[in-house]
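Read through the structure below, which is laid out as structure tokens, and then see the notes.
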Amino acid sequence: MKKSIILFVLTILLTGCSDKELKVPLEDIGMVSTLSFDYIDEEMMKLTVAIPQFSPEAKENTQLFSVTTDMISKGIVEIEMQSDKKIVLNQLRVVLFNEEFAKHGRMRKLIRHLYRDSSVGNKVLIAIVKENGEEVLKADYPDKPNVNLYINDLLQPSINTAFNPNTNIHDFIYTQTSTVHDSIVPIVDKKNGIIKIEEVAVFKGKEMIESIPHDEALIIQALQGRKNLAPLALDLGDGEEDKLVLDLISNKVKMKSNKNMEAPKLSITLKMEGTLVDYVGYRGGELESLEKITKLEEDIDKHTSKQVEEFLDKLKELEVDPIGLAEEFRKHYHGKWDKEKTNDIISKLQVDVKVETSIISTGNLK
Amino acid sequence: MSPKNLKVLGVYHVIFLVQNTMVGTGLLSAPQRLSVLGYSQVLMPIYFGIIATITLWPMVWICSQYKGDNLFRINELLLGKWMGKGINVLIVLHFTLLIAAIISNYMNLIQSTALPEQTTTVTILLVLLLLTYIVNGGIKTIARFCTLAFCLAIPMVYFLRWGIEKGDLSHIFPLFNFTSQEFFKAMQQGYLSILGYELIMFYFPYIIDQKKAFKHAMIGIWITISLVFITTVVSVMYYSEWQLEHVEFSVLHLFKAGEFSFVERIDIMGITFWVSLILTTAAAYLWSARKGLDSIRSKKNKYHVYFITAAIFGVIMLPVNREFQQKLFDASIYIEYIVILWPIFLCLIHLVRKKQVKSK
Amino acid sequence: MKIGRLVRATLSGTSQKKTTKIEHEEPTNELKDQVTERLENIRKQTSEIDDIMFKKIATDEGVVTVIYSNSLVEKMTIQTMVFIPLTNYIHQIHQVSDSIEDTDIQEITKKVITGQTILFFHKTFQLLSIDTYSAPTRSITNTEVESTVIGPQDAFTESLETNISLVKRRIKSPMLKNETFTIGTETDTKISVVYMDGIVNKDNLEVLKERIEKLDHPAYTDVTILKQLIEDNPLSPFPQYYLTVRPDTVSGYLHDGRIVVFMENSSAVMICPVTFLEMFMSVEDYYNRWTTASLLRMLRFFGFFLTITITPLYVSALTFHPEILPYELLLNLQESRAKVPFPPLFEVLFIELIIEVLREAGSRMPAKVGQTIGIVGGIVIGTAAVEAGLISNILVVLVATSALLSFLPPIFLVSNTSRFVRYIFIISAGLFGLFGQMIAFTWLMVHLLRIDSLGKPYMSPVIPRKATDLLNGIIRFPTKYLTKKSGISKSPKK
């Protein structure tokens, strides 16, 4: 007892003597919040880092550094030469890539590097920038306090941008390496002093091949079983005015495959429950009776299932599977499953979509 | 020590001593070690549990034939003095290596996650000091520490929540999607994550209720098995097969998935807290090794524990390349498989030499 | 008062008269020499102890020398118990006093200095002693160190008899035993070991008595000294016996089979064995409703762990793991740390030391000055240090919280311990961040597990010895379930 206490104290004292690297205190660390990669050529890229500036005396609230490099860590070292602070990635929140970069299939390598780095969290969000990542960061947003917080908050999950897949590092690596998934990443675009998420990029393997609009992206989320979907705006009318907004309360997906690899067939049942919040159209004013509502429900079912089918056809053409439909076949298949099998399934897939909408209330007025 | 004082381990002590010595870095990397099977690894822990229960039986049986003696003594009784001592020396050496492997593995993990800018020499020294402090308290302190560590660590299961939310349960199907070759490979690589229960052969004389020891040890084993099972299930749900194979400490990344509003990164909390689980395992092994040294030199000496600790420190700090060291550590783990099967051999000898030994 | 003085005046008058009378009487010379010799011997023994009085009084049985200590025996007592009966009804004296067979001078002196009055009959050569110990005592007052809102307010005083009477009032049972020992080779301090026979664990009692008998410390001024000497692990920072000044706490523990040690001239008493968890229990918990009591207990218990982790966490988060902090908080921290010249470790040590200084200064100062110190320390130093950029403002909040938390345990010794342990944590956090902190935490756990209290494990209810212990652990169950004695005081089955 006595001895171990003495030894303990001695060790503590000896550590004081040991010649270790002096710890950099917090205020001398530049914590990168946003990284952006822009494509230059096959080898090189432009790395931009944004570091929030905490000092109230500084005029700009964000420090920005750009270098041209071929590796992340090399770039960080170069940036450190320009900066007065030690650059660390511990508080990294968002990584931006420009579209060209994604199309050349170089995202996977970089993200894998970040995934390996233990100081980087797994919840770093990924987004693709239409034009140029550096410009997005360098631009002036007069009504926003800080570009880092702005982009981070924008990409966070929110009910009204439910189509946003909120891809983070783990998700990206997961979908990249999964044998049944293809990655999807939100696309942001800077327009007139604001940043906007509008589309979603679909990857095939390493490369981005297509960008799909947000209402189609919402179908991906719905079929993946996401519970909180955005208010659904539908235009049922063919010629006649018939528009409505449904506030979805719950969403359930059921998939059933025929387990046949040669002639794959999948029946999808989508059950939605929601409140009718807004309606403009010829049915107006008569929606109080239950029959009318049932009719409306049927129309919505028809319309939505058609939409879903069309979208799935599009995926079939592209031979990509961002939803993970092939999982329904994989889980019944004995033996090794690989990406080719997924592609094979998707290209042959017959889908039978059934949508069951139920409007549980139309508001308080009778 | 009088025979009355010798028996100190109650029911809970046995359960948690068995349970906690099994949990170490092995649990953190279990899904990776089983990754040969891909998604079908889910049921592996259950098989491990069954094997552990089967191998536990001869251990308890041979010990209950010699109620007051631990394995070192039984070796000497059954194999003759010199042969037994020879085996005991090997066991002590092997335990020294094994503790070195456990601590070195964990310290590498700490070095890469929590203390990336420091060398580990001083921290290893600190951990070893703490280890001797625990071991000096005797087997009862170790057992009580195991109980406490279990109670404090079990809330960490909650941290798997985010993994479950994000994961996809359908990954576990089809259940038996592997060849027998893959199965044996996974067995060989993965079984070490549940090693530690064999130490019951060394503290068996200290158990109060020896008749029910088998039952209690089994409860301990199955608590651990269920923990390993939960981790593999959640890992399978959360990861792709590629990730399972390449993410070394999958539990760490599972912790990374979560967040509280006041703490952003739970993984660092979890991984640093893991030190108490490492210490329970290492302490039990060190205690057994000390008993071994006592029995080899046929006398009790309190410096034995410091001697072994110094040896462990020496092995960890060995100025050889990491590859050789890693091979050494791997070898020590595979030797542990022999230790698990050893009591079966002893049982056979016991049956043959029963009369001879009894008459002594 | 007035009457007392009057009586005293008249009485002293009489005694003076009697002493003058003695001169007229003529005892035999031989006897007279012997008497003077003895008296001289006693005088020699007690020379330079000026408060020992020798008074010769003529009685019906000849001259009697009365020897007593002026400071231990009140005037009133000596008059009513000795002088008046001696001069008026001397046969009573023989009934109430003990005769001393042993004529050892040392013994006689000892009796005198412990407050007894010695009567020396010149004629018969007889020695009598009467217990007249009546040193002035403090009256029973409210407790200031362990005050509660609900419940009895009386507290122990420095008198052993009063203290035992306070407990015996509460437990009127013949099973309540108090065994007296005298310890201290120089102070001859009386201690009393109190327990409930039939409930107490005999093994515990044996261990305690054995330890008391082995003591050879010369002087005891308070029970805390005894406590440190007979604790199981004297090197540990944790107190292993409970210390209280409340008679209701004591009687509660007596009912549970614990042993209580009283010491004369000590207002606190020591209760053993106890567990770590009981250090966070106040007797008020049993007076409050169980819901409130449980909440308060949890607050105290987790408060202890918070107070030793908050500031170390600040150190390790800022030096090693900035990633664990939420983003907005981190920016604030960076901003407030920007002007601070020290590394976080020294920043924390600096402000913690200031807090210690404040506390120590506050407790040593007279009460009125103490308030000013509070204002100066709290507001001036706190705000000014932040303004001056010596410490960050978030740290001030953390340090203040942890200082307040450290005062939560009902026993002051535990709050001292928490401060000491906190420094260990701060330093290990400064060296190895969260990992160092966890190492320190593991050390703390193992240390607590290794401590015994009177041979019983200190961490007992955390790892329960009996299932019913859990009913009165961190959560206090409703009173009707708290009927079982705790496992720590249970006698082992034989």
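Think of it as A, B and C in the order they're written, each chain with its own count starting at 1.
Here is the rule we use: a contact is a pair of C-beta atoms (placed from the backbone, for glycine too) under 8 Å apart; a residue touches a chain by one contact, two chains touch by 3 or more.
Note that this is a predicted model, so its numbers are computed, not measured.
Relative to the centroid of all protein Cα atoms, the closest per-chain Cα centroid is that of B. Relative to chain A, the chain whose mean Cα position lies farthest away is C. Measuring from the averaged C-alpha position of chain B to that of chain C gives a distance of 47 Å. Computed centre separation for the pair chain A/chain C is 66 angstrom, with centres defined by C-alpha atoms.
Averaging Cα coordinates per chain places chain A and chain B 41 Å apart. Multi-chain contact residues of chain A (touching two or more other chains): 1, 8, 15, 23, 119, 121. Annotation for chain B: residues 118, 122, 126, 133, 264-265 touch two or more other chains. Shown for chain C are the residues in touch with two or more other chains, namely 320-321, 323, 327, 431, 443, 450. Residue ranges on chain A touching chain C, taken from their complex, read 1-2, 5, 8, 12, 15, 23, 25-27, 29, 31, 33, 52, 54-56, 88, 90-91, 93, 119, 121, 149, 152. Note for the complex: chain A touches chain B at residues 1, 4, 7-8, 11, 14-15, 18, 20-21, 23, 118-119, 121-123, 170, 173-175, 177-179, 181, 324, 327-328, 331-335.
On chain C, the positions that touch chain A within their shared complex are 233, 235, 318-323, 327, 330-335, 337-338, 340, 343-344, 427-428, 431, 443, 450. Of all residues in chain C, only 320-321, 323-327, 431-439, 441-443, 445-447, 449-450, 457, 459, 462-463 touch chain B in the complex they form. Against chain C, in their complex, chain B makes its touches with residues 12, 110, 114-115, 118, 122-123, 126-127, 130, 133-134, 137, 141, 144-145, 147-149, 152, 261-265, 268-269, 272-273, 275-276, 279.
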